[in-house]
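Here the structure is laid out as structure tokens; the discussion comes afterwards.
Chain IDs A, B, C and D follow the sequence of writing; residue 1 opens each chain.
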């Protein structure tokens, strides 16, 4: 048998709730199949569209000029506005593509982008127009799935919210000890999703400065989930952290994931990092939440807290050094096309979406101690 | 049907290579089953023991005084010193337990430890003596599996090495652009696994200061893998980062995982973070390695670089505030028993072990573009 | 947390090659996502359509009168007629639905059908029009995926073929010891897919007699695969039989799966059932193939042989006894609508499709001993 | 990177409840890890031993003369006789091996056995003494796991029972429409596990005749489960049939699996095979159970019924034709050692064990409609 010229993709995650994302940026359509949703769940399509609009580009100078309406068509799984038990499939047709912008990139891989690794993996067959299957555009169907999950969770008083935590050196404040659904809603309603609006100004200034320089800039996102029961998750490799991290690294440009104090905790002492247990209203609670709501991989009942690092978008207007793969010689590359000077703020709802999907999956296992 | 009083554990990971860890700290034995190892691989048991000894406690004042010989017995999967294709099972008998030290903890959960979450999840049935299944002791069988994987990888010129990157505020230097197997060996041979021995002194001082204060201290570990082909990994949720993170968070006390620049990259600009492609000896290489050897979830052929954050060990001698679960009233707790003032240095080989296992699993899928 | 009113679906299978089927019979569309296909594989769409037409109904009096054109639209994964590495999604729009025919069935479950179990599982939310997600119609996207797999396998000289083995008491002959690709093609070209055309007459008579009686009739299908290397598959639960059976039982109406002599072998002696090893052209072969090409779950290099039992279609015109779920009282039901008096002959390409997908998945693991 | 000389085993199954079997017949020990058991379940070790004794050989002339005491040692997961949430590991040390009996087989593979396929897969490294990892001996740890599952299920009024259904041409009666736990117990208590003791005589005669002839003989087993809720299982590939079949084919020598009427149903008409729905005590029931308790992959609430085909044991005393792999020339083989003239009756508890494990796994998902 001849060798397999190529290879295995895996654009899926989940255990009981399976999420499978498909599509290329400049192909016919992108979409998602969600298998295992509870049946009988009403989906408010207007609310869902509101969620999708939070990641949509083209709204202001901080994002790519690409216009996308991003209205999903549901091919299956919904009947009379409710989930019917069968797998849900939602499709978003692609439009407003400028594929010719990307012609050069087949030969000259963009530094920092998957052009080169896709070319190695799939040879000349990879459809990398607009980033292909690696494009941030694939986060749109992910948000469809996650928006559905958020509605199902909210009905059970589990809420997921996030904010832009930093852009470059500009930093937002962190979530309070007990964030509320109301706080999540107010951040989500902002054009620039931060807690402290003064921080927003500094961040926007940083983004626009990068744009001015034909450059891009990175950022971090903090995400919280409230209303989770204690006892969710499994020891070692089945923990809440393991499963969230495994999915969160699937968001393009994410290069780090931490829970609670995370990397900062590595500089602390145990007496600073341990959360004392206290009784509140007859419930065991923690006085602080350095653990981010997780001990031994299992939820404590305190808010779940995580942060992700989003690298600066690799597509920049500045000339960069690369190689011509066909000639195997050095080459200079100036990326044309429409780019985001920062993707971190647009990734805020995506982090919520992925977090909601993983938590819904774990809650459906029922293996928490409170039922 | 009555409710299930309890719950699902998942102490396993892997796709083609499956690793299943079992045991409680003060039970009869701990061990591991590794299913899917290539057959015909010679395992050098002396070299393996040398690897296990790197995480063994009781060697110096920086670790717990618990003595463990940690010599695994292989029940299956090895014949005449070679893997035979059948699942490998290795068992380490427990000894030198002082279970009575832990009696109080069943009622008064230690802050920062899994005592409370295990109690919620498994009710009064959890065997939490010495940390039970959540104990750092479970990393011994993980190192047996990982030590075997390291030997198999090394035979194919893939090498995995790590060093202690920081303890508290004291920091080691980082790996050079092209770390070598020789460098990995020299670090592994040190009693305190750092690159810069001056840093070692500062770190040890920090550990001993914490010990003096009946406290503990956290740290970070940097791990690298060299010799990987370009094209390994899959887009989105099947990427190298996803799979490594999912496993690395299974190491007790790990609260953060980042690749390449990671969180630091979030403060950079694209022009700083992108790695220019260059030609070296007719091969496409990157001039820098901010990406940590991974773009779009897929290896570039550059060294893979990751860091993990290890929180300060939660068991400390200082009095701490907790609750009595039986009386549901506040309680003070002073943890007796033998503890590690720092677990980060002992976790260095564990990070290598887990990284090696994940990489071996992915290499066995064969889905990289170069074969 | 309130109980989950419902439930997990799993319309997926595969390890490196993942197949996810979605859609309801009378929803907007049905379709499939195939994640992990090798890149660079040319897909002959005309040949694929020819394969799909083999399961298409409405061609003759032996099948339902429902007309379906079943032309898939590829939304992703194909570019310039070749797989591009990204997940492939194909969609078939539904048309020619007579949903009103099914209104009564929401209250009065059809005996032998999933109406009742879906109602229990998903409450009143299940979309069971036309059988919903349980409909035989879902085998159309499965054949899209399987038809693609067949082309990829054929390029590597692995061929999968099947024939209708029996209908009621009428039986076809069995595959010869060494079936050929040519034989597979000649059977596939027949309107009624049997080896012996005399058998076809008896089978068709049986189907028409059942139709005349407003009844239905069952059948069996034999499937073979040639060109497989020896050494494919894993011991115990990872064997070729395990994985094929797990997928084949996903075809609606399949109630039995056997390999080689299967159930007949249970009445034999070892001396009758063992296949003597012989040398042919310097290769180890078996003189007979009672094992169906599999020993210990692993391929021998002889043709793989399996049979599936297809129950008589549950939708029949005869009045049947059931219950009214709303009134909880006995009820009589006469199923209207258009039905297949026999689904076994239409299931022949579906068995090929599923077999091809599982074998492609296993071949991509590369874990056979001959490469 | 050089090719992997060999590859992946998979001796595991399960989703939330993971079962991993290890060991070779003549290695140090065989055993099992069960990850995900509910915590707090009392395990009656005496009852478990009684279950294990049902498959133990060496009791009478119908089985191999190999003596095994088969008393498992629990290394983890049990404390004070109850499951503690952590993975359970049980080990059975091997003894009474006559490995020299098997020396010849390394070169001359036994017809019908995995000797040849293991040699292809794992080269000369396979440890095939006594059948190695493919030996029926590996069903002992499987019965440890299954015996534990049976106790947990019984506590929730789910009972699994099986009987020998046929040996050669001799046939037992089938289970009645509503088998009871009492019936299961009475069959289990018999030395020869059949419903009709007259059938037992004919079967034993057939086994002894085969033994007399230095031959072996096959058989079938019927297994039932009662007390299951309606609504368990998922459509298409996640059905009860799919998951049971995937696991049951992991029992050595199983070559066929069918549910309800199975292959016989393929010769029936819909009007014969459909089970009319009726009301009994205000519950929806079926008047007959041709479906074996499963429609659309989902349980109906009627007893689950399945049958497996067990081929005649391949190790027989008669001379057989094979090849010498070292000389690549024809060879005659007379298998010495101690063999079972029939393995079907010893496989009865193994089928119960595997069925119980799969059902427990599915019940733990909680995705049935009644909770």
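Throughout what follows, contacts are C-beta pairs under 8 Å (C-beta built on N, C-alpha and C of every residue); 3 or more make two chains touch, one makes a residue touch a chain.
Remember, it's a predicted structure, so these values are computed and weren't measured experimentally.
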Touching chain C and also chain D, the following chains: A, B
Contact distance in steps, from chain A to chain C: 1
Relative to chain A, chain with the most remote C-alpha centre: D
Mean-CA-position distance for chain B and chain A (Å): 26
Distance from chain D to chain B - Cα centre to Cα centre, in angstrom: 37
Centroid spacing, where centroids are CA-atom means, of chain A and chain D in whole angstrom: 44
Residues of chain D engaged with two or more neighbouring chains: 3-4, 6-12, 16, 21, 36, 86, 118, 121-123, 133, 234-235, 364-367, 370-371
Complex interface listing, chain B residues touching chain A: 3-4, 6-13, 21, 109-114, 116-118, 120-123, 133-134, 138, 166, 168-169, 210, 213, 215-220, 230-231, 233-239, 241-243, 245-247, 249-250, 252, 254-263, 265-279, 282, 284, 286-287, 290-292, 294-301, 307, 309-316, 318, 320-323, 325, 328-330, 344, 365-371
Residue numbers on chain A that touch chain C, as the complex places them: 1-12, 16-18, 20-24, 27-31, 33, 35-40, 73-77, 79, 82-89, 91, 118, 121-127, 132-133, 156-158, 229, 363-364, 366, 370-371
Interface residues, chain B side, partner chain C - complex: 15-16, 36, 86, 234-235, 364-367
